[in-house]
Structure formats: C-alpha cells, structure tokens
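Encoded as structure tokens, here's the structure I'll be asking about.
As written, the chain order gives the labels A, B, C, D and E, with residue 1 at the start of each chain.
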Amino acid sequence: MPVYFLEIIVVALGLVMLMVDAFVKLEDKRSIAWIGMLGLSVVFLLLFQVKGPENTDAAFWQFYSANDTTALFFKGIAVLTTLIVLVMAVDYSPVVVDQTAKPEKGAHPQSGLGEFFALPMFACAGLMWMASANNLVSIFVSLEAVTITFYILVTYLRRNVGSLEAGVKYLILGALSTGFLVYGFAWLFGITGSMDLAEITTALAKPDINTTAALFAFALILMASAFKVGAAPFHLWIPDVYQGAPTPITAFLSVGSKAAGFIVFLRLATPFLASEPIVGKVTMVLTVVAALTLLFGNFSAIPQKNFKRLLAYSSIAHAGFLMMALASAPDKLVEGSKLTPVTVIAFYLGAYLLMTLLAFLVMSTMRKVQVSEEIDSYRGLAKRSPFLAFALLIAMASLAGIPLTAGFWGKVNVFLLAIQQKEWLLVIVGLIGAGAGFYYYLKIAASMYLSPTEKNDDTSAIAISPLSRVTMIALIVAIIAAGFAPGLIFGLMG
Amino acid sequence: MDVNTLAWAVLLLPLLVAASILLGLKRWSGLSSLVSTGSALFTLVMCIMLASGDDGTAMPFHWIQLDDGNFTVDIGLTLNKLSKGMMLIVTLIGFLVHLFSLAYMKDDKGKARYFAGLSLFMFSMTGIVLANNFVMMFIFWELVGVSSYILIGHWFHKESAADAAKKAFLTNRIGDFGFMIGILLVWVLTGSIYFEEIKEAVGGVKNLTLLNIAMICVFCGAIGKSAQLPLHVWLPDAMEGPTPVSALIHAATMVAAGVFMLARVSFIVDITELAATVISTIGALTALVAALMALQQNDIKRILAYSTLSQLGYMVMAQGIGHGGSEAGMFHLYTHAFFKALLFLGSGAVIYACHHRQDIWDMGGLRKKMPITFWTFAIGTAALIAVPFTSGFWSKEVILETALHEGKMLPYVCGMIVAFLTPFYMTRLVIVAFTGKSRTGDADHAKEVGPIMWIPLAILAFMAIFSAYSFISGPFQANGHADIGHLFSHIGLTAILSLVGLIVGVGAAVFLYKGKDEDPISIPLFRDKFYIDEIYNGIVRVFQDAVAAFLDIADRFIIDPVVARAPAVGAMMAGSFLRVFQVGNVQAYAFMFGAAVVALIFFLIL
Amino acid sequence: MELTLNHFLFVSGILFAIGLSGVLLRRNLIVIFMCLELMLAAANLTLVAFSRFNLQDGQPDYDGHVLLFFIITVAAAEVAVGLAIIVALFRNRETTDVTKINSMKF
Amino acid sequence: MTFLFYIFAAFALIGGIGVVVYRNPVSSAFSMILSFLGLAALFIQLNAYLVGVLQILVYAGAIMVLFLFIIMLINVEDEEKRRFPFFSFLGAGGIAVAFIALLAVVLKRFAPGEATIPKLTALEGPGTSDTHQVGELLFSTYWFPIQIVAILLLVATVGVVVLSKKELK
Amino acid sequence: MSILEIIVFLPLLAALVIGLGAPARATALGVSIAVLFASLVTAICFAPSVEGTMQMLSSRALLDLPGFPKLSLAFGLDGISLVLLLLSAIVMVAAVWIAPQESAIKKGSAKLYYASLLLIGGGAIGAFCSTDLFFLYAFHELALIPTFLMIGIFGHGENRVKTAWTITIFLGVGSLILLVGLIAAVVALGGSTFAVADLIALAKNPETGIAVDSQKWIFPLLLVGFGVLVSLFPFHSWAAPAYSEAPTPVAMLHAGVLKKFGLYGLIRIAMPLVPAGAEMYLNVILVLLLGNIIYLGLVTVAQKSLDRMLGYSSVMHMGYIFLGVAAGNALGLSGAVLLMFAHGISIALLFALAGWMRDRFGTLRFDELGGVAKSLPKLGLMFGFAAFASAGLPGFANFAAEVAVFFGAFQGEGETIGWLRWATIIALWGVVISAVYMLRAYRHLFMGPKPAKLETGADITWAVRIPVLLLVITLLLVGFIPETLNQFIRPAVEGILLIKAG
C-alpha cells in the first residue's frame, strides 16, 4: 500500500465522523470518538505495512517525499498522538459539553462534541502531510491546515475565558509567524528560483550564492519555525496558549504540533546547513537559539505553580534539547553514522510523546474531579489514587530524564551528539537546564506524595475510565521498556 | 604440645575466654570469673613451659596479603629471650590480679564483663609481646587501648570513670598517630615491617635524618602507652578503674608495653642518636615531674600512679641512654612489675577494707588492723624506694650506673633527684595511711582481707624482694644486668648518692608527717599537676572544640550556601526574572518577536 | 531611474514593516488582524516580483504565482476563522481590546 | 513605467500607513482597500494579471468586506480615543524602522536586485497568458496542495460554524 | 537467565509485585534474603583468578546502530564488584529486616516503603554488577526518586521535605555532570560502545586512547560527578542532613551502599579510562580528601546529636577511601575497596542502632541522653562494636582496610616525604579525630548517669538483634580474616593496575 493512502484514510475517517455526527442519531456522541480511535489504530498498524511507490515520476512526488523512513516515523507520532488525544477527549468531553454553547432547544445535548473529535483527525492528516512535505508549497499548505485547525481547537471552549484568550493569542501570533514564513519563503524562492527543497539545497550550496539574502531568508524562516516548535525567543505564546486550551488539545499541541514543527524545521534548515558559505552563521544562530530555549524553558518553569503551564515550560525546555540536537552542526558528522540530528530528534520526540501524553492523560482524568490545575491541587493524590500518582511519577521521572526511562535516552542521545560535535556551550547550558528540570518535575511528585492534605481537600478515590487506564499502563510500560532498550524506538525508525 | 601450638594457645586462650563470656557465659558471672582466672593460670603454666623451650617464630597466620603477596601482614609469634621473659611477667602478674579480683570484685554486678575485659587485656598484651612485626604490634597496641577503655570505664555510670576511660583511649590514640607514622616511615626506609628484617635492613638506610624522625614517631606510641610527658595525663585518671585493674595496667601491661616496644626496636634506637636523646630526655623529665606531682597527692592510688609514671620515666630513659640501657630498662620493668603490682593490690586491699575510701587522710592506723597488708605494702614500698638489697634497688642502680657510664648527664641528674623524692612521698603515704590513729569510721572498722587477697600480696612481696636475684630472674630471662656480684664490686658515687637520697627522703617524711592529721605543706603547683590537665583542656577547647564549632558554622553558612544553596537560589531568581517576559499581553509578545527577528537579521547579515 | 527588482522588494519590505508596526501598535484586535493580512499581502509582492525577474523559458516563474494563490486562499480561511474567534471573544468578553486579554501570564 | 510604479507604490504604502494610524477601524479598513488596490496595480505592472485581479477580488473584495462586516457586527466604538502610548509607538516604529534599515542593507548587497525588468520572450500565442499558465499548474502539477487546501477550507468552515454557533441565552 | 540477572532483577521485580499487591514486608524480606543467598552462592562459585578478569558474564544486546555506542544489558563480576555486591546484599537484608522497627513507617503506605527500599537496594546491586557503562550509571540513578519519596514521606524531623529536595537535586545534578563526563569519555573513545571492558581496551591502546588534552577536562567532570555522589568535600553538604533525617533503612542503604558507587566508578571507570587525567589532578584530590578527613572530621566533632554526627562521620570516612584511590597502587586500591565494604557495613550498623534509639528515646541529642548502657546493656554492647569499628579498631574490617590504605599511600620509592605522604600523615590525624567523636558520642549516650527524664524501655529484641548481629559478625569476620574478601579484591586490583600500566 502506498504511503499516501494513510492520510487519505485519516481524512476519510474525519469525514465519516462529521457525517455520523450530522446524520446519525446517537445517544452519546462519545461513540464518534471510537470511530476515530479504531480507525487510527488501524492506520497505526498500517504504518508498518506501507511501502514507497515504484514510480516516482508523477508530479505528486514533488510535494510528498517517498521512501522516507523519518517521515514515516513522524507520521506514526502524529497518529499515536491523535489516538491518545482522542482517548483524553473522551474523558474530557463533559467539560467540552459544559463549556461550549448551550444548544438550542431540541438539539442534541452534546451538540458540538462531534466536531471536537473530528477536527483532530484533520489535524492529524495535516501533521502527516507535514511529515512528508518536501516542497515549500506543500509545507505551507499542510502547516497552515494544521495551524488553522488548532486555532479552532484551542478556542473550542467558547464559554471559557481562558480558552478564548488562548485562541486569540495563538491566532494573532500564529498569523504573525505565518507572515514571516511567507515572506521568508518568498525570498527563498527568489534567490534559489525553486520551491523544491532538494533544488533549493543545490542552489544554496553554490559558492556564488548571495549570502546576505540567504541569511535574511533564513532569519525569517527561522522565526516561523522557532515559533512552531516553541524555541526561544519565539516561545512566549506557549505557556499562555497551553494553559488556556482544552487539556487534550494542549497535549496535541505540545506533542503533535511540536513534532511536525520539528520535522519541518529540520527540512527547512537542512539546505542552509548544507550551504558552505553560510553554515557557520546558521549554526551559531541555532546554537544561541538552543541555549536561550534551554534557559528560558527550564528556569521559567521553576517558580511555576500551575501544572499545565509547567508542562508548557517543560515543552519549551524539551524544545531546547531538540534545538540542541539541531544545532549540533551536521557537516561534521561521522560517515555512515546514524547519530544525526534527524535520528536524535526523532527519538527524542518519540520519547517525549510517551511521557508528555501520559502526564496529560493523568491531567485530563483529574480534570473530571477538580477544576483547578494548580500543582497544589495534586496534593494527596498518592493516597487518593496510587495508580494515577504512580503514572504521573513515571511521566515526571521520564521528563526529568531519570535513567531507565525513555526520556533519559532522549537526553543521552542529544548529549552524545552535542559532545561529538564539540558544542560545549550547549552541553553546559543543557546540563544546567537538565539540572533545573529535576527540581520542577519533582515538584509534582513532591506535591502528590509529600504534601500533607488539608482540611478542605477532597480525599475521595478517583475513578479512572478503563480506556484511560489501559492507555496509561501502555504508556508506562513503553516508557520503561524504551528506557531499558532504546532500540525499541530506534527500531521504529527502520 | 609443641611450641607452635603452645604459643598460639597462649595468645588465643584469653580471647576465647573473653568471647565466650561475652557470648553467653556472662549469665553466670561466678562461673565467668572462675573460667577467666583459670585460663590465666593455665596461660601462666603454658608460658612457663614456653620459657623453657626454644626460641623461634611460631607458624604465622597470613592476616592480609596485598599487592599480589608482596605486602603481607602476618600474625606471627616471636619467641625469644625478650618476649618469653615478658610473657612470664605478664601472665604471672595477670594471674595474680585475676586471683585478687575474684575477691575484690565479688559483689560487683558487672563481674562477668570485668573478667571478660581482663581476659581481653591479657590477649592484647600477649599479642604485643609476641608480635613479630610492627603492624601486628600496632593491632594489639590498639587492642590494649580498647581493653583499658573497657576496664577503666568499668563503672561507666560514674562520670569520672567514663571520662577517664575516654581520656585514656584518646590520649593513647594521639600517641598511636605518631606510632603509625613511625611504622610507615620505617617501612618506607627499610622496606619491611618485620622486626627481623628491619634489623638487617636498618643499617643500610641512607637518610638517617628521616630514620631519626621515624624513630621519634615510633617513640610517640610509647609516649602514649607508657604515659610519658606530655601524654601522661591519662594515667592518674585511669585510677577510676577498679584497683586490680590499676595494678594490671601499671605493673605488667599497657604502660609496660611502651617500654617493651622500645626494647623490641632497640636496634633502631642504637643507630639513631637524636631519637635516643629525645627518648632519654623525655623519660628523665617524666620521672622528675611525676615525682614532683606525687609529693602532694592525697589519693592513695594517685600517689602510686604518679610513682608509676616516675618509674616509667626511668625505664624509658634507660631505653635512650644506649649501650645496655635497654636491658637495664627492661630489668627495671621486671622488678617494678612485682612491687608495683604489690603496692596496687595492697592499696586495693586497703580501699576494700575502708569501704572504697581512697584518701590517705581518711585512713590511718591500719597497721594494726591489717597487718599482712601493711607488711606486704611496706615491702613493696621498700622496693620502690630502693632500699638496698630489694629488687628495686638493683634495677634502679643499673639504670643510673649506665647513664653515668654513658655520660648522659641530664638523665642521670634527673634520676638522682627522683631518688631523693621517691622515698619522701612513699614514706609519707605509708605513715599517713597506716600509722597514727584512724581518722574515719571506715578506717576504724577496717579488717584484714581474706586469703584470696592476701595470698597474691604475699607472693608479690616475696618477688619484690628477691626478683632481682638470679635464681629468680634467670627463669624470667631478665638477667641482663642482674649480676649482683658485679654491682657489689662497683659501689660508687651512684650507690652512695642513692643511699643518701633514701635516708634524706625517708627522714624528711617521717619528720614532717609523723602523727599529723593533715598535710603540713602545700605546694599547689605540684598538687595541681603543673596545671597540665587544665592547659590541655584549654587546648582541646580552643583548638578542637572551638575550631570544630567554627568549622561547623562555616559548613552550614559558607560551604553549603555557596556550593548548594547559591545555585539553587540563582536558578530561582533566574526563573523569576524570566517570568517577566511572560506578561500575558499579545502585543508585548509580538513586540519581542519583532525585536528578536530584527536582532536575528542584524546578527546574521552584519 | 530604471525600475529594478530592488524597487519592488523595498516597497514590499516597507509594507511588511508597516504591517508589523500596526500589529505592535494597534489595540483593536480586528485592526491587528488587518495588519497581519497586510503583511501577507506585502510578502506576496516580493513573491511576484521574484517570479517576474526569474524568467523561466522567457516567461515569469509561475510557481511563485501558484504559491501566492495558495497564500491568498489560506489567508482567506484564516481570516474567516480568525474573525469567528474574535466574534466569539467579543460575545464573551464584550471587548476587542487586545490589552485587556491578559488574564493568563507568568 | 517608473512613474506609475511610484504612484502605486505610494498608494500601497500610504494605505498601509493609514491602516496603522487611523483610530477608527472602518477608516483603517478603507485605507487597507486603498493599499490593496495599489498592490494589485503593482502586480499588474509585473505582468501578473491574474494575481492582481485576485488581489482585488479576494482581498479588497471578499476579505475586506468580511472585515467591515464584522466591524459593523460587533459595533466597535472608537476605543482608541487616546493617542498611542509613547512607548508602544516608539517600539513599533523602532522595529519597523530597524527592519526597513536592515532590509535596505540586504538589498544593497543583493546584486540580482539591480537587474531591470527582463523582457518576456515567450508571451506570444495561445496558452501563454498567465491565467492559463497558473491554472494549468494549479490543476496539474499542484493538484496535491490543492487537495490539502480543500481540506483546510473544509476545516475552516466547520470551525467557523462551531465557533459562531448561536448562543442560547 | 544468568545468576547475576536474577540477582539484579529479583528486587526490582519484587518492587513491582509489591506495587501490584503482594504482602510488602514478607516479599521484601524474602527477596532480600534470597538475593543475599544468591550472592553468597556467587561468591562461592567465584574463582579468584590471577588476571582479575570479569566472571559470570552475561550479555544481551539492546542497541547496535552505527554511530551509536553499542548498548547491551550486560552483567559480570570481578573481585571488586563481588565485594560490593555482597555489601549491598548484606545491608539490604539488614535494612529490610530492621524496617518495621521504625514507627515512621506508619506515615505512609508500607507498599511504597518496601518497594522503594527494594528499588534502592536493587539499583545498587544492578550498578555494581553491570559491565555496561550505561546500566552501571542507570541502575545507580534508580535510587534517586525512591530516596526522594522515602525521605520526604517517612523521614524524621520538620525539615524532611527540604532535606529530600536537597539530596535529590544535589545527587541529580551531580549525576548529570557525571553523565556528561561519561558521555565525553565514550565519545572521546570513538563512541562505539558502552561496554566497560571494550572501552578500557580502547583506552589502553595508545592509538585509540583519550588524548591527554581531553583527559584534562574529562577527569574533572568525572571527579565532580562521582565526587558529589560520594560526598567529596566540598560537595558534601547534602549528606549529613539527609542521613540524619532519612528513615533508618534508607540511611543504611544510602550511606552504606549507594555512596560507594561513586568510588566504585572512580576505580572502575575514571582511572582506567582517563589515567593521565587522574595523575594530573592528584594534588587536587589530595586537598579535597583532606577536606573530608580533617575539615569534616572536626565538623563531626562539633555535632550535638548522634544522627548528624553519624552523617558527618560517614562523609569524613570517604576521605580515607579517596586516599586509597589516590595512592593508585595495589595496596591503596585494595585498602580502598575493603574500606568501602567495611565502612558500608559499619555505618549501616550505626544507623540501624541510632534509628532504633531515636524511635525509643524520641531524641538523639547528646545533652538529653546518657547512661543508656546500664539499662540497655545489649544495645550498649552492639553500639560499642559499631563505634569501635567505625573508629578503626583492630578486629573489625575497617582497621584492616585503613592499614592497607595508609601503607598504600606511603608506598613508593624514595626516602623523602612527597605530597602523598604528607597528605597521609595529615590524614592519620583523622584517626584521632574519629576516635574523639565516636568516644564522645559513646560517652554521652551510654556512659555516665542517666538523665531522670529518659525512659529507656526494654533492650533490643531478636527482631533487632538478628540484623545487627548479621552486620557485626560480618565486620568481625572480615576484621579477623580479611582474606575472606581480600582474596577476591587482590586479583581484581591487579587487573585494574595492569590496565593502568597499559
């Protein structure tokens, strides 16, 4: 089966869900999510079955890279993320119903829920396209498809001030970054005369390339890419938007969008990094951005009291580590080595997916019993639900990079690469950042396990839906298994 | 039993006894004490058998092998003239002390523990005596410290006893600090820790300065154990232990260990002049200072303790005066062991009879009530103050003769002065404690002690008189200079001076103290031991406790804050600072984006 | 003075900068959004200019035009969604003043 | 030619400045239309007739109408009675000026930018119009992005519907 | 499954099983005894060979991609790790056994308590048995979060949460520095493998070994990293509060076992991989270890309560082990390894007894206690053993080790006194210091009159005596016959020195 069938299936699933929502009378619209979940599970399995086309002459392949295992891996990340986001969304649906418009008389009480499940499917398709996009045009359209879907999803809770505010912030700043992206694309197109990344690479590598213009274009594109992945100083939107968005969407943003952003970033940066005349400055800028991101993400998280915001900063911090890998200039790479920014980033994102989604899963389960997302409200969780506490503990351990978790390997690979490339500044900053990380991740653990509960605290047990429980267990097992044997994740990269 | 087994049995039997008491025998305290005493007797018998056997080294036990076998520490037992003789002294005195203790400690609750301690003490001392290498000696050296800690602190619930035990151990540790450095240096210089090998190699050492330093360091160990200046302070305090323990410590074990050790390494002392001078000077000074301190003490045991110090000063001094001095010192150690054990056990009997009163001014008139004790005590005193023809006379004479002969004037003069002082304070003791009227009810009701106590006294009294004569000293193999005939033919300046000292000292004491109920003279400097304890306390307080407290504060308020808290606070502050960027206003964000892009472009294209 | 590529690029850039300054300056969300559209339009000018100056077989490089087409389409969709969001916000908060939307910070 | 360029460029820029400085959103919207018209003219000057027309139809027509519609719908008042805060003005202006200055440097160093408008050599015959060319490209080579855009538009539609559903008071 | 895999994974699995609902205490105790038994069997099967190579090897490849260091789950033992394995197993049994004596155990879930203990112990075992650099590091880190939770939940005193934070962040950051150092070493050696043996082989080869220029800065990273874990001066300030406030079994395991990891790493990893770096920084190490011995020794003297004193004393004694390591010869290294074992057992013993006392008396302040030995003679005896062992008295394992360390530090050619010898001489004064504080403590706690307020209750029961005796007997056995362990250590040390010699 050709690769591009996957997106088609996902889009079709999304359409089916919309149709079912519109035309089938359902008692409980949550069953729509099941269509998506089942479908995505199938798609995930199909990922292992697809193969590239025999004939790559068609115009289509200008826009869609074939035979690209990295793209396949990122598609997997997108599918898995969406799948788990749907799991969360099911748990979260009462909040959605509550916070969206009250339906008119006679309308379904869960009106508006169906779209909440269907839209992620389209976002997923967009993310998958992004993974394969190898042309400025396809990058642009798929990126925008995803971004616009996210504008909607972030703002979805119309009765919730936070959600609206987050939506507006995301909209304005997202559009701003789109402006820069387009302007940068225009320049890139102008100086290379092409939209195809391969051709752009060739053009930029020419020694007579106008370096000033190329760097100008790079600056513009860097801004937009950094915005998407949340690299400093273009990360400022992240905490606000993450905090306001519905929890499953925050998870989606922080994993799916970031992952796709990174592969686009990688693809867009590669031509510049491959260009002899400018690579020095490009690397230097990437280094500075990486260092700033590490510092901003890790230090800002330290005084944080809101869990969701903390995870937002954590996502910035992780973007810092990923940038660190990216900035470890690939021109010095050892021949034949698989230790490249691409594999390292892919691995890191794979691990990041597991641990971040686990944290968000716990969070969306908690949202059912308490509105507050303050860290303090996780007080006594170890007693209320040892399982949830343990799951969150594992997630935090992995995020902090404690050995024998997937997150640790992510960091090890980054450091391996950075040290191999002698990026000492980044190593030092990364070290400081990871050290700070211990503190703020363990703060959650401290809240759950060490803080005494107070009088007014709810200490009743927490019900966990079987679906969430199974997902959490699967994620925990995956985190630990990958912590022991990182080959499991590398294996998925082919 | 062959020699090999015998030697090992001598060493291990006391340990076995101590361990078995500890492991369960202690439930039957009477049995424990009997087993312990029995084992002491048995050891004595075995030592006598050993003494008649051949010299040599019992098959060693490889305690630890390092460096692929190049460095091996053995537990090897040396049997030679020195060690066999010393073993006899140790076991004989030890047995007698055990015997005496049976009665003395009859009603003590911790009797089992006490006897376990005694056995352990015997084990440790045996180890020192038989050691064939420095490390093994050091091991048992330390064990002696532990045993003394246990025994001195036997009545640990008394503040003074607890403190004394601690003090004894720590003071010894300080000496051991030097000892260990000395051992290491000797090892570095000669390449071996075994006495035999060192003896062969020591002649080839080029860096004599370092060898001198090494020897002085080794001597530090002796300073600690044998309570020489300036580490003598533990010994008087050690009187807090039960009196038989004092007898054991002061007569044949522990304090003797230092002297013994010096004799063991006399081959090094022989070629290190500086170290020898240091040794003899310190010994001489100790003899003098301790005698001065003894003048004004009132506690019967403390007087004896200072006399011990003083006598140890003689012995150590002898080790440093060279050419035969070592044998002379050992000879004095040998004679001293008997009369000092006698004196201590005698005082034990007195104390026992007086219901644990120890101040001589609380006694008086005991001569009539405790005749056996008195007479044995008097014999002991006679030997100590070197009344001619007693054992003490001969051995002291030898030391002073040798010093004079070798031209070591400082030791000689000091020794001579002590010869004047010793008769004085000992006579004072006897007169005050035994003559006149009973000054307290306890003394009044004192009765003669039972045979278990006085039999050891009697034996020791016999030894105190005759041990210097070759028919006894022969088997003890401590006959180096005990050629009485030779001494007779040699009566010269020394002997005359000694006699004068004896007469003057005794006379003065009789004159001053006869019939007195309180001390007619008062010399605070002597009574307060030259304030050395106070000075030490001050030093400990300033240089240890104050510095420690200061460092503790530094640790809490400098190191911890700098190493740990500062980065943490820095991170917190950085976090708080970076939050400033998160103002929540979209336009502010956009502004920062714009500024960042401009900066980026600026940086990239310029 | 003959028209050169730089003329177009410069005008485009100035317009982009004007749009940017509007985004930073204006309080009204709708106007801010307009300024964002202005930036996109400015970028389009660059694109077209480059297309015109990079001839392909004697014709302008129409790939640039196609990209522009996509940009306009996407911009339209973005405007639709964006305005819907602004309306939703207005319904809830009764304001379109961007400085008042700062409940979440730090 | 040059003269026209300056005229239309001035249109575009003045319109742009108008968007920024008019306090009334409606005025902003109208000056934006002016700006877009100027831009469209510049497009046409660059032989991009289709794009120019699209600019007018889609931007100046549809999108700006939408803007005006919303402005009317939510009836925003002249909320910016005050002048712009000094620091905002300084910041925004500063960044714009800095950006333009840097752009000037870039352009100064951008040698290809000195080129004059090249002659179009293959503009004869059927199928050479830009409309034809772009259309052909769009629906042959670029069919795949078109599909994605279609999905995008679908999503936007759904989103707008969801977001602006009528509220039951 | 090889026997080592069983030994390593049994505690970890047991922790999981406890989490799933198995009876906590019984499982934990059973498993730790099983591990001890298996370790003893391993020791018996272990052939002390002259080459000192690894034995009982097992390996499962986990990652083999070009460019990435080859990773495998590999276990193996040489004499040094065997000794440390035994140490871990013994202390773990004692710690689990004595755990119910803690009344603090009631503060939280017993499951969490025992599972954490098993994770800490199992992690240590895993670290000592691993022959793969990654797992060596990772297993050690396994203790980080359990320690955090244990101190934070079950710890003593008001400051326990703060203390939990301090130790966790300190150790976390320390191990991060270590991680960077290790990765740097691996990369400098070509970045092809994590297998310790292969890395050493590479380091030995002058062509692939690390350039001196690189060693110059890799070694400090390793030193600081391992140093923090060992509480090397001045990175020690986490240790004393942590140990004094941790639950007793955690203090036992941490001070007794886990702390040794840093030293193990220095001997096993740092010295063979960057020998030139180690040489270069010898004098720095000497200064720091004197900081441990003298500075912290005096700080120990100043402590006013037993738990803190023990905490500092444990830090102080690390200095001697460092001295042995710094000596860098067979004597010193053997001494260091033996001292690691001896110190581990003795400090665990001390903490066990101190914890018991704190629980009974409610305080460990010297000025509030006294005369305990009279009413609780057995406790007094056991503590006496522990105190004397810790002060380095002959008859206990510590003495043999310290002697070896001192001789090692003095060994060498020449009849002069160089830096190392001066350092040794100064360090020897530490022996006096440790006697001072140990005897002071004993004097204050057990001797003298008993304060009227103090209720002592009954003497230690068999539930306490068994674990305590286990430790005491181990100390005595090794003290009397050091060869029981030394026979394993000697060839292993020779092996390491052979590597060093190149």
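Rule of thumb we're sticking to: a residue touches a chain if its C-beta (ideal position, glycine included) is under 8 Å from a C-beta of that chain, and two chains touch if they have at least 3 such contacts.
Just so it is clear, the structure is predicted and the values come from calculations on it, not from any experiment.
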Which chains sit in contact with both members of the pair subunit B and subunit D? A, C
Farthest-lying chain, centroid of Cα atoms versus that of subunit B: D
Distance from the mean Cα position of subunit E to that of subunit D, given in whole angstrom: 70
How many angstrom lie between the centres of subunit C and subunit E, each centre taken as the mean Cα position? 64
Whole-Å gap separating subunit A and subunit C, where each centre is the average of the chain's CA atoms: 26
Chain-centre distance (mean CA atoms) for subunit B and subunit E, in whole Å, is 36
Residue list for subunit B, restricted to those that touch at least two other chains: 568, 579, 582, 584, 586-587, 590-591, 594, 597, 601, 605
Shared interface positions of subunit C, touching two or more other chains: 16, 19-20, 23-25, 32-33, 42, 44, 49, 51, 53, 63, 66, 70, 74, 77-78, 81, 85-86, 88, 91, 98, 101-105
For subunit D, residues contacting two or more additional chains: 88, 91-92, 95, 99, 102-103, 105-106, 109-110, 112, 141-142, 145, 149, 152, 156, 159, 163, 167
All touching chain pairs, where touch follows the definition stated at the start: A-B, A-C, A-D, A-E, B-C, B-D, B-E, C-D
Could you pull out which subunit C residues touch subunit D in their complex? 1-11, 13-22, 24-28, 30-31, 33-35, 37-38, 41-42, 44-45, 48-49, 51-53, 55, 57-60, 62-63, 65-66, 68-70, 72-81, 83-88, 90-91, 96-97
Given the complex, residues on subunit E that touch subunit A span 19, 62-69, 71, 73, 108-109, 112, 134, 137-139, 141-142, 144-145, 148-149, 152-153, 161, 164-165, 168-169, 172-173, 176-177, 179-180, 183-184, 186-187, 191
Going by the contact rule at the top, pick out the subunit D residues touching subunit A in the complex. 102-103, 105-106, 109-112, 140-145, 148-149, 151-152, 154-156, 158-159, 162-163, 165-168
In their complex, what parts of subunit B are in touch with subunit A? 568, 571-572, 574-579, 581-582, 584, 586, 589-590, 592-593, 596-597, 600-601, 603-605
Complex contact set, residues of subunit B against subunit E: 22, 62-68, 70-71, 73, 135, 138-140, 142-143, 146, 149, 153, 156-159, 161-163, 165-166, 169-170, 173-174, 176-177, 180-181, 184-185, 187-189, 205-207, 210, 544-545, 547-549, 551-552, 555, 559-560, 562-564, 568
